[in-house]
Each structure stands twice: as structure tokens, then as C-alpha cells.
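Residue numbering begins at 1 within each chain, and the chains themselves are lettered A, B, C, D and E in the order written.
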Amino acid sequence: EPVKIGVITTLSGGGAGLGIDARDAFQLAIKQSGNKDIELVVEDDAQKPELAVQIAEKMIQGDKVDLMTGIIWSNLAMAVVPNTVAQDVIYLSVNAGPSALAGANCNANYFNVAYQNDNFHEGMGEYANKDYKNTFILAPNYPAGKDALTGFKRYYKGALSGEVYTQVGQTDYAAEIAQIRASGADSVYFFLPGGMGIAFMKQYAQSGVGIPVMGPAFSFDQDVLPAVGDAALGVKNSASWSPDLDNEASKAFVQAFKAEYNRLPSVYAAQSWDTANLILSALSKASVKDKDAFRAALKAADFKSVRGDFTFNTNQHPIQNIYVREVVKDGDVLTNKIVATAFEKHKDAYAEQCGL
Amino acid sequence: MFTALLIEQLLNGLQLGVMLFLMAAGLTLIFGVMGLINLAHGSLYMIGAFACAVVASATGSFWLGLIASLVAAAGVGALIEVAVIRRLYDRDHLDQVLATFALILILSEGARWLFGSFPLYLDIPKLLQGAVPLPGGGQYQLYRLAIIAVGIVVAVGLYLLIARTRLGMRIRAGESDREMIAALGVDISTLYTVVFALGAALAGLAGALVGALQSVQVGMGEPVLILAFVVIVIGGIGSIKGALVGAVIVGVVDTMGRFLLPSLLALTMPAAQATTIGAALASMLIYVVMALILAFRPSGLFAAQS
Amino acid sequence: MTLLSLKGLETFYGASQALFGVDLDIRQGEVVALMGRNGMGKTTTINSIIGLVRPRAGAISFGGKAIFGMRPHRIARLGLGLVPEGRRCFPNLTVMENLVATARGSEWTFGKVVDLFPRLGERRDQYARTLSGGEQQMLAIGRALMTNPRLIILDEATEGLAPVIRQDIWAAIRKLKAAGQSILVVDKTLSELLPVADRCFVLEKGRTVFEGAPAALTPELQDRYLGV
Amino acid sequence: MTRETAINLLLAALLLALPLIAAGIGEPFYVTLATRVVVLALAAVGLNLALGLGGLLSFGHAAFFGLGGYAAGILATHAFNAEPLFAGIPGTTSMPLIWLVAIAVAGLVALPIGAISLRTTGVYFIMITLAFAQMIYYFAISWPAYGGEDGLSIYVRNSFPGLNTAQPLPYFLICFAVLIAALLLFRLIEGSRFGSAVQAARQNGVRLAAVGIPPFRIRLVAFVLSAMITGLAGALYADLNRFVGPSMLSWHMSGELMVLIILGGKGRLFGPVAGAMIFVCLEYVLGGITERWQFFLGLILLGIVLFARGGFLGLLSGKPRHV
Amino acid sequence: MSEPILEIRDLKKSFNALKATDGVSLDLQPGQIHALIGPNGAGKSTLIHQIAGSLKADSGTIRFLGQDIGSLDMAARARLGLARSFQISSLAQEFSALRNVMLAVQAKAGSSFRFFRQVTSDRRLIDPAMAMLERVGLAHRAHVPAAELSHGERRQLEIAIALALQPKAFLFDEPMAGMGPEGSKQLTTFLDGLRHEAPMLLVEHDMDAVFALADRISVLVYGRIIATGTVDEIRRDPEVRRAYLGEAA
């Protein structure tokens, strides 16, 4: 009997690009493994929590999947994960890492292969200490946005010349950019995922304010860089991976992904690829039907991560390096190259509260 | 220092308002004049932005892209009118809501089918890059000034079209009694196709112009749609002047709210709390304003009908 | 010369039949009265001519051209001007705009309409929805004239009008008649309608039951068909 | 019995039978799917009271749906964490209690919203109700206490005396019973003196006032009743998903509720039920067939609105208008 | 003379520059039909609207049964006993004729907040409503939706609704409009009998009807009452002949 893996991800609507990257990488990894005993059930959540819940129920009760994965967004993860793990189904996160699931509410069935939401921001906060004393920070006014700025502030030692929460889905940032210009900041840190980030970066570049910008990888990754264009050149951003990361697994991944899909992979693709390979490694050691053994096999993280060294912390969130990348032009293509390592073997701040 | 910022923010509010007006103009035309609730207006806006981005990146010319956005949006608009909208004029608003809701799904997914799932690149044209000095020492982006200018031209043009031309009179006449205007010899269905295409073209134009500032992606029309409805309802349906005033009110209130509320609240509570609560209140603000205006003027500020 | 002719016209509202065979003809320059009790099909006949309801059977020709089944705006452009029952002025247009929005041809102008109905000149920029009933009736007639029709059709020409104004309307109709305008008119006030008409048609239950000169409509016939 | 009544009974029987069969053959997911149909139908029955009977095109009913949901989520969370709500009042996991709170909250909020919104008519009413819903939506997104945009998880489904709600079938039956009760209530109201007044207010408010019935009060009561039913549905929905988040308050949700009604046939007793059955099935079936499911969903919805006047029930019963 | 049922003093209403009602005072006496005539646009409908409450007067007082009703809304005035018809029929289009009248019966009973008892089997609504339809001669059309009634039938229905309210005064705005000669005659007879139930303010252009029915006539021109009197006085008044009657008198 094949192993069934349920992949719930966003394949339609405005946020589809991320989900498609995650799905594509996952499928490619399974295909490359040559493991014929894996059956994927892929469904589109359209970025709606209720729909994601419905699909999860269907996968658990109808398809009787052994493992679940694929969700991109924190709010969808919060809707799906607690109920999934409560039904003793193992869930592996390819992207979202809300703090609520990393601390006291961590769960033996929940593995986060991507990051805890604060991680990238913490990395950038640490790195910013090197050059900047006075930073203006902004993020959307929702939990992930607050986590982001909390993460940044956790390691940043300089002063804050402004802290602004923007509206979710906001598309015009003239008012915020004017505030930045007037604030006397020496740098700007922003977390604005998706179209918000594209709009902000374009408008920021057009405004000619010129104060250096930093952000997490989300606004400077392969899915959005073509849309931001040259405005992004030279911006420092933090991530756990970069296409130029110097290890065998990563090189093979980038090459395989490009060959298959004719585009560069994003961080989402990399995390998803790792998730697939983690599952494959555990499958080779234990049967999914034996939950305890399988969980132990997952926890061992005995696979070749594209991110280099990869281990799980007690709360089953990654211990990994956080890199600082810079947007560069490789021929015609905008991409990133690593310029520094902000943290080696970084752990998240919530693990201590986890009782596992 | 603070005064200069305040002035710049006021300008930003005004500019956001004009931008909103540009989005709302086509909607007012269709919605106010033809009495049709067109939820798919945001999709036409998206089509304009996509057409502009695709053509601009293929030809390297923003201006060709702008023309393409007009043509594409008007073309799709005319097609939709003939195939779908035409059957909805004498239906109630509910049927219009459902049909145009369906159109959103079709157009959004259709666009994703054609153009892929990733956002497209579209930048402002060379000609309009840079900033112009403002009296008092500040600077303002040329492109945004250009948008203000286009918005004003559209407002004046539309106002004259509807209020002064025979075409405008016939459109308004048809709104209240399609049968009668037909019985007086006017081919109302062709007229409406033209008007719908015109409204669509305006949406497309807005999409292209605003797309250069924002992200060109599937679903970009939705937040705009709601705001555009807010704008025309505040102004009073069917009134171009109302739409302009409504847009400026929304633009200024929103900008000033985002800017001032957190600092105002900081006077009464800890800063950390003030920023988040201020932001929360700011995002609700335009809806509060709209509810207040409608509570006191149930048919908007410049209602055409009393 | 026959301007308009109807033969065996049958019209339905959904499943219920309203016209069972209406015959009618109007010659150039003639004033024809269409009469009948309430609900006998006068308005339905008129709406069938102009195409606002689609007749199911019969023949209609106007100016020698078959117009059965044509769309209303095409029929109207052939030279039919309608003053509908209930006036149906465009409420959100001003008096002036109501008149010019659908104007065609050059003979009738705003000035001439105001000569005919001075009240409309005073109310020039007022929205039609705020006009009194009589003012709206004048506007509806003016609006139809502004399309320079070969045949003008008045459904309930003087309904709801004050006696003096009714006299004005009849005077206007006489003036139009004298100028050679062909007119089809429906009205309740026989004492005013009959003197103007050249010929009369009477409908009963959707059929033409009488055709002839006003004089031929004897008091007995009036009582039988119209309840007078 | 009219054809429509027969169709209604058939629909009800179908809706009850399918989950029973599914549970029998060990396909619990279809029970869950049917529960979703039932709960969305219930929400739409609420809206139908305002929209179908009263002609009040509320584009803000997601507010009441979401408030009901949050009532359930908040009470359950407080009970789960054993923290008092305020002033020492504890949370609860008892469904009947939660329902009462959800109904009361939705009604209390609907009262001022209705009182202000009903000053307007037509499209203005559509937009002002939307505005109120958006206010609550943005508030919920940015207010951190109950999860903001991430929403609230209900870790264990709330309880109902004598039934194991964690099992899909008992929970379905609870929801089904509530739906049937709401439909009966709707039928009663529709035929009552109040219902007459509500329908007359839709057709001609001036006429209603001219005989001496104040349309404003009639509409307000209809609006509040309608919000209360939709609020109850929200509480059930939260328990179904064991999750409540701001997306329940979003304008998409309001739109979806409207869509359900139009799809089934507005103002018709079973319109919301038929609409919810069609919509959820389409979403589920199409979503399983193709990634482009929204495109085809759009085409089908368009087809229905253009060619089936009076909605699905109008098509089947052969009467485009409901009288 | 007895106490007037309806007492209007110095009522004023302008639309921008236009004085639609310009200081109108008028009394409606018990048992009388008081006709209000005047050229088109004189302000008759505007006056009716102000009395019924669908328009708010700028100034002046309206007293009904001794009570100042100026600040009440339309529904409240209707409940006090003012029943009106509209110049253009205003009905609940989807309801049958019977249900239109039943609505009035339930309004009269003040029982619109009853949620359970079904109206379709409620004899307390149906019987009185049917009786009213019979009185106006519309019983055979009781179950036809208002939208499908002919013009004349709708006018009859409006009157049935007004009757069902058992009002203390009627306000009728051109009830004969659109009725053929036959219908007008019947309605004239009918209204004649109605004056004993409640007095009536009657706006009408049909002079045959007005002269046959009216106890008193007021002539409104440009928002002012230029003459009030009996039928004969009004017929003879040269000013009225010039402004309104023409040679019709």
C-alpha cells in the first residue's frame, strides 16, 4: 500500500505563485527519488482558511492520508494544523511557522521544516547592527507582521526612528515613504509579503528617498524579483537559503529545478524540496504506520538539506543558518547572492516553552 | 519640519484620492448611469494593467502599453457587455451581483491561465521619472503629479460627456426608462455597449497607470473595487463630481489617519500599543467615515436623485 | 395615401391574449381616434405598433414598409412619435434635456415647442420628475414632436389635465392637424375627441368592432361600446 | 402539494439521507461536507429573511456570521484556558449556551447597524452594510487578543448534552435539526402578519407607510432576526471547522452567502438549501478535477444566473417568480 | 359650524425658488366632500403629500382631529385615521388584490408584529378585506396580482385599501384619472355614498365629478387658494373661469 501525502497549498488567486513553487519542488523531489510507493494528493486552498480546513478533513477522513504538508500562509496553518495533529496525523510545514505553534502549543505530530516566523527577521536585525544605528521598521498590522518586527527588534540594538503598522493589503505607500524621508533614519526594514512588498519597493525606488532598505527574503525572492525589477538591486535580505549556496544538495536542486521548470527556484521551493527529502529519508527508515518510529525518523533529520546543516530543535523547528543575501543581476536575471551569515545554527525563541 | 511633512501628507492624500477617482470613474459611469452593479470592474482594471505590462515589456514602450491597456479593457468590456451584461439591465441588483461575481472568477483565473501565476513587471516611463520641486522646499514625484492631471482630465471630460452632450442625456434617459428611449428612436443597446466599453477602458487606463506604482498580479483589482465603491457611494451615485469629492475625502482621510492616528494615540497610551491600535483604527477609518456620511446623507454627498 | 395599416393583429401577455385581431388604418394627414372601454386593448395596440410588445400574428405596415417584429428604435426612426400612457418623461433629465435628447430632424425646435406650450419654457431647467402631471404631459408631447414624426401617437392625450390646459392640448392638436400632421389619438373625453377626429376606430375585447366617421358613432353605439 | 414543496421535501430528504449512507459505508468526510452545506444553508436562510423577504440586500452579513463564530471561539478558548471572560464570567463549551450568546451578540450588533443602514436604500444600503462589516473585519484582523488574522483554534469541538459532537454524524444531526427549525421559523414568519408587512415593505415601502405600518421598524426587526439566524450559523460553522478567523467576516463571505441564495432562488424557502448544496458540491467536485476550478465555477454560476431565472428552484418548479 | 376634522393653517412649502404651497389654509368639515381643483402644477399633489406626511412642510400647522400632526411620519398619520390614494397607483405589486387590502386591515388592527399565525387562513383579515373588495366591485379579481390588474382596476383597489383603514378622513388625489366615462360615473356614485363614512379631500380634474360631488370647492393656483365656495359660487367666479375652467363651465 502506497504512502499517501496530502499537499494543501495555494494554487489559485493572487498568492498562487508561492504555492506553485512549493508544489513543483515537492513533486520534483518525489519524482527524482524514484520512490513509486508515494501517492500525492494535491489540492488548492485558494488562500481561504475555511477551504483549507475542508480539504484537510477530506484528506484525513476521505483519502486517509498518512502525512500532510504544503500550506504557505500562517493563518491557514493556524486553521488546519491544530486539528490535523490532534487527529494524530503528522503535519510538516513547508513555509508558515507561526509562533503560536512553536511554543507551549508545539506538538509531536507537527514538524516545521521551514523556519519559525521570526527567524529571518532576527537574522536581519542581527546583521543590521553592523552598519546601522537608527532604523525605520514597518510591517502589516496582523500577527505575522507583529512577529516580524518583534523578531527584528529581538536582535537589533540600534534605535528605531519609527515603527509603523500598515494596513493589510495596502497598495499605496506614499504616506509611509514620506514619513521615512522625514524620520532621519539611516536604514529601513520592512516586512510586506506578496503584492504589498512589490508595491512598496517600486514606490520606494521611484520616490528617490535613497535610505538603504532591508527585508526578509519574501520580498526579494525568485517569485517576485522579476516584478520588482531593478528597484531591488543591491537590497540586503535574509533567508535560510540562496540559489548560490555552496553545497552539493543545493546545486543539484537548483539545476534540477531549472531543468524541469525553466525558472530559478525560490526559498519556498527549497523548503518544500527539503520537506520532501526529509519525508523520503524517514520513509527509508520506518513505516508511516508506526507513528512513533516514523516521528523519530523525521526528528533525526537524516537527509541532505539544500540549506547545509539541518537539525531539529526540541520543538521540531529547524536549527539552521540564517544568511544575508544581496539582490544581484546574473545576466538578465535578478537573483540573490549570499554576502554574510547572520546566524550560525540559529534556534528560535519559543523552543523553551515547548514541552516536548 | 512637522508642518512640511503635514503638507506633503496632505498632497499624498490628495494624490491617493485622485488615483482612487481614476479607478472609480469607470465604475460610476457604468454603475451610476446604467444602474448596473459591476463587481467585475476590478477585473477590467487588472486586464488593463496586464495588457500594459505585457506590451510594455515586449516593446519596451510604456506608452504602447498604455494604448494596449485601453484597447484590451475596452475590447473585453464590449465582449462582456454583449455576452452577459446586456441580459442583466432589467434584472435586480442581486442577479447582477452573482453574474459579475462569476465574471471575477472567470477573468481572474483566465488571466492567470494566460499570464502565469507570478506578478509582472511594469515601471513608470522614463519621461515621467524624477521629482519636481514644490514651493516651500519639498519635492513631489512627477509621475504622481501626472496621475493627478490625468484624473482631473478624466473628471472634467466625463462630467461634460454626461451632463452636456446628447450622448450623456440619452444615457441618463435610458437609465430611467430604456423602453421609452427605444420608442423614441435611440438604439439603446448599442449605446450601452459603447458606454460599457468606455467605462471598461477607463478601468483599464487606471489599472495601467496605477499598475506602474503597484504590483501587477491576479487579484489586484479586488481591494480597489471595494474602495471604488466606497468612493462613489460617498459621493452619490451617478455624480462624477461626487466621485471626485468622495475619492479625495477617502484619500485624505486614509492617508492622514495612517499618519496621525498612531501619534495621536501615543499621547494617551504606551507607544507600542498606540502604533497597533492606531493602525487598526486607521484601517477602519474610511468605513467609519462612509457610514457617518450615509447616516446623515442617505444618498451620498451629491446625489443625482433626491 | 395610407400611412399606417394594421391587419388581424394578435398580441399576448405571456399566455393571456389581449388582442384578437385588430384592424386599423391611418391615411396621411388624418386624425384618427382609437376608442374603447378600459382594458379593451388600446394601449396594447399602440405598443404593438411601436414594438414595445411583440405581436404574435397579423401585419403592420408603416409608410408602405412592413414593420411587424422590428425593434422599437428602428420603427420610431421611420417616423413614429409616441406620447405614451402615463407620460414617461425621463425623470432625471431637465425639461430642455428631455426635449433635445432624442430630437431628430429640423422642423420642430425647442423654440417652437415652447410656443406651443409656454409653460415648458418657464420650467426649462427643472428636472422632469418634479413637474406636475400636466406639465409632464406637455413635455411628453413636445418630446415626441421633437423627433419630427410622420405620425404622432397620443395615448390618453389629456388624462389628468386641468380643463383649461386640456383645451390647450386640443388646440395644439388642431394646430398640428391643420399643419398636415397625421395623428392617432386615444382619449376618454369624447366630447372633445370626436370633433377633432376624421375617423374613429372602436375596440372591444381586443377586436376592432367599429370603423367610421365620428358622426356615424351614434349615441346608441356610444352606449354599447363606450358606456356613455 | 405544489411542485416546489415536493422538490423541497426531496432536497431535505436527500440532505439527510446522504450523510447517513456515507457514515454507514465509512466515508465520514461526506458527512462533514454535508454539515458544511447545512451550516452555510442556515446562514443563508438568515440572510434570506432580510434579502429574499424584505428586499434588504445586505452585503454585510458576514459580520453576523463571523460574530457568531467568534462568540463560539472566544467562549471555548476561555473555557479551555480556564480564564474568566470578564468580570469573573467563565467561558463555556456548551453548545446551547454558546448559541444563545451568538444569537444575542449578532442581534445586538445588528440593531445599531440596521438602525443606521436602514436610513438608506438600494445600492447605498448594500454599501453601508458592507462598510460596517469591513469595520468589524479590520478590527478582527488587527486586534491581537483573539489571534488577529491568524484566528482562533477551537481545540476540542464544543459539547452538546447527550451527544458526541466530535463524531461527524452526531454533529451533522445537530446542525441539520437547527436548519430544519430555522426553515420552519422562516415559513411561519413568511406567512404571518409580520411577514406580510416585510414583503410589502420590499415591494412598496410608501404603500406600507400609507396604510399606517412604519416600514422602518418592520425592516429593522427583519434585519435583526435575520442577523440572529446568521449569527447562530456562524457559531455552528466555527465548531465545524474548529476554527474561527477574520475570513469569516470578509466581504467574500457576505458575497458567498448572497450567491447561495441567488443560486437556489431568492425568497424561496429552500433557496438557500439548494444554493448551498450546489455551491459546496461544485467547489468540491471542480476543485478535485482541475486546478482551474474557479474558472469553471465562474462559468457555471454565470450560466445559472443567465438561464435559470429564479435560481435553481425557479428552474425546477417552473416558476421564475416567487409569489 | 362644527369642529373641522382637518384644519390647515398657513402651510408653506418651497422647492428652491418655487413656492409650491404658499400660505394655504383650509378646513375639512365632517360629512363633507371638499374638492380641491386648480391648474396643473398648482400644488395640489404637493398639498396632499404634506397632509399625508410624505413631504414635510416648511412652515404652518396641520391639525387633524384637534391634534397637531406636523411632526408625525406618514405611517403615524395613517394610524390616526388619514387614508390616502395616490395620483399614480401605488400598490404592493406582487401581492394579490386581496392581500393588498388585507395589509390595510392588519394595519388598522395594529398587529403587524405577530410572527406565527398564518394570514392565508386568518378570517379576521380575509373577511373584512373581501368585503371591501366587494364594495368597490373588485371581488372577482381578488386573487389577481396587483401588477396584472388593468389601470381602472388598480384605482378601485386603491380605494378599497383606503376603505379598509376605516379612516376619519380620506385624501384622494385624482381617483378618476384614467377611468373611462363609464368608470367615472360609477366611481362618482360610489364616492357620493362615502361622505357619510368620513369626509373627503378630493383632488380631481374631472369637472363633471367635482360638480356632482363637492360640498365645497377650493381653487388652488400657484400655491395659493384663490377662491373657496359652493359649486355655484365657484362656477360663477370669473377668476376661476379664467385660471382653470376655461369655457368648460
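By definition in this document, contacts are C-beta pairs under 8 Å (C-beta built on N, C-alpha and C of every residue); 3 or more make two chains touch, one makes a residue touch a chain.
Only a predicted model underlies this, so the values are computations on that prediction, with no experimental measurement involved.
K.L.:
What's the minimum number of touch steps needed to get from subunit A to subunit C?
P.N.:
Steps on the shortest route: 2.
K.L.:
Looking at C-E and B-D, which pair shares more C-beta contacts?
P.N.:
B-D
K.L.:
What is the distance in Å between the mean C-alpha positions of subunit C and subunit D?
P.N.:
52
K.L.:
Using mean C-alpha positions as chain centres, tell me how far subunit A is from subunit E in Å, no decimals.
P.N.:
Going by mean C-alpha positions, subunit A sits 74 Å from subunit E.
K.L.:
If you average the CA atoms of subunit B and of subunit C, how many Å lie between those two points?
P.N.:
45
K.L.:
Which positions in subunit B are in touch with at least two other chains?
P.N.:
Those would be 108-109, 276, 279-280, 283.
K.L.:
In subunit A, which residues are in touch with two or more of the other chains?
P.N.:
In subunit A, the residues touching two or more other chains are 12-13, 141, 146, 165, 167-168.
K.L.:
For this structure, give each pair of chains that are touching.
P.N.:
The set of touching chain pairs is A-B, A-D, B-C, B-D, C-E, D-E.
K.L.:
Write out the stretch or stretches of subunit D touching subunit B in their complex.
P.N.:
51, 57, 116-117, 119-124, 126-128, 130-132, 134-135, 138-139, 141-144, 251, 255, 258-259, 261-263, 266, 292, 294-295, 297-302, 304-306
K.L.:
Using the touch definition up top, name the residues of subunit C that touch subunit B in the complex.
P.N.:
Against subunit B, the touching part of subunit C is residues 50-52, 71-73, 76-77, 81-82, 84, 88, 90-93, 97-98, 100-102, 104, 129, 143-144, 147.
K.L.:
Over in the complex, which subunit B residues touch subunit D? Could you list them?
P.N.:
31, 37, 39, 84, 87, 93-95, 97-99, 101-106, 108-110, 113, 226, 229-230, 233, 237, 276, 279-280, 283-284, 287-288, 290-291, 294-295, 298-300
K.L.:
Quick check: in the complex, which residue numbers of subunit B touch subunit C?
P.N.:
Per the stated touch rule, the residues are 166, 169-170, 172-173, 175-177, 179-188, 238, 304-305.
K.L.:
Spell out the residues on subunit D that touch subunit E in their complex, using ranges where they run on.
P.N.:
It is residues 188-189, 191-197, 199-200, 203-204, 206-215, 218, 221, 321, 323 of subunit D that touch subunit E.
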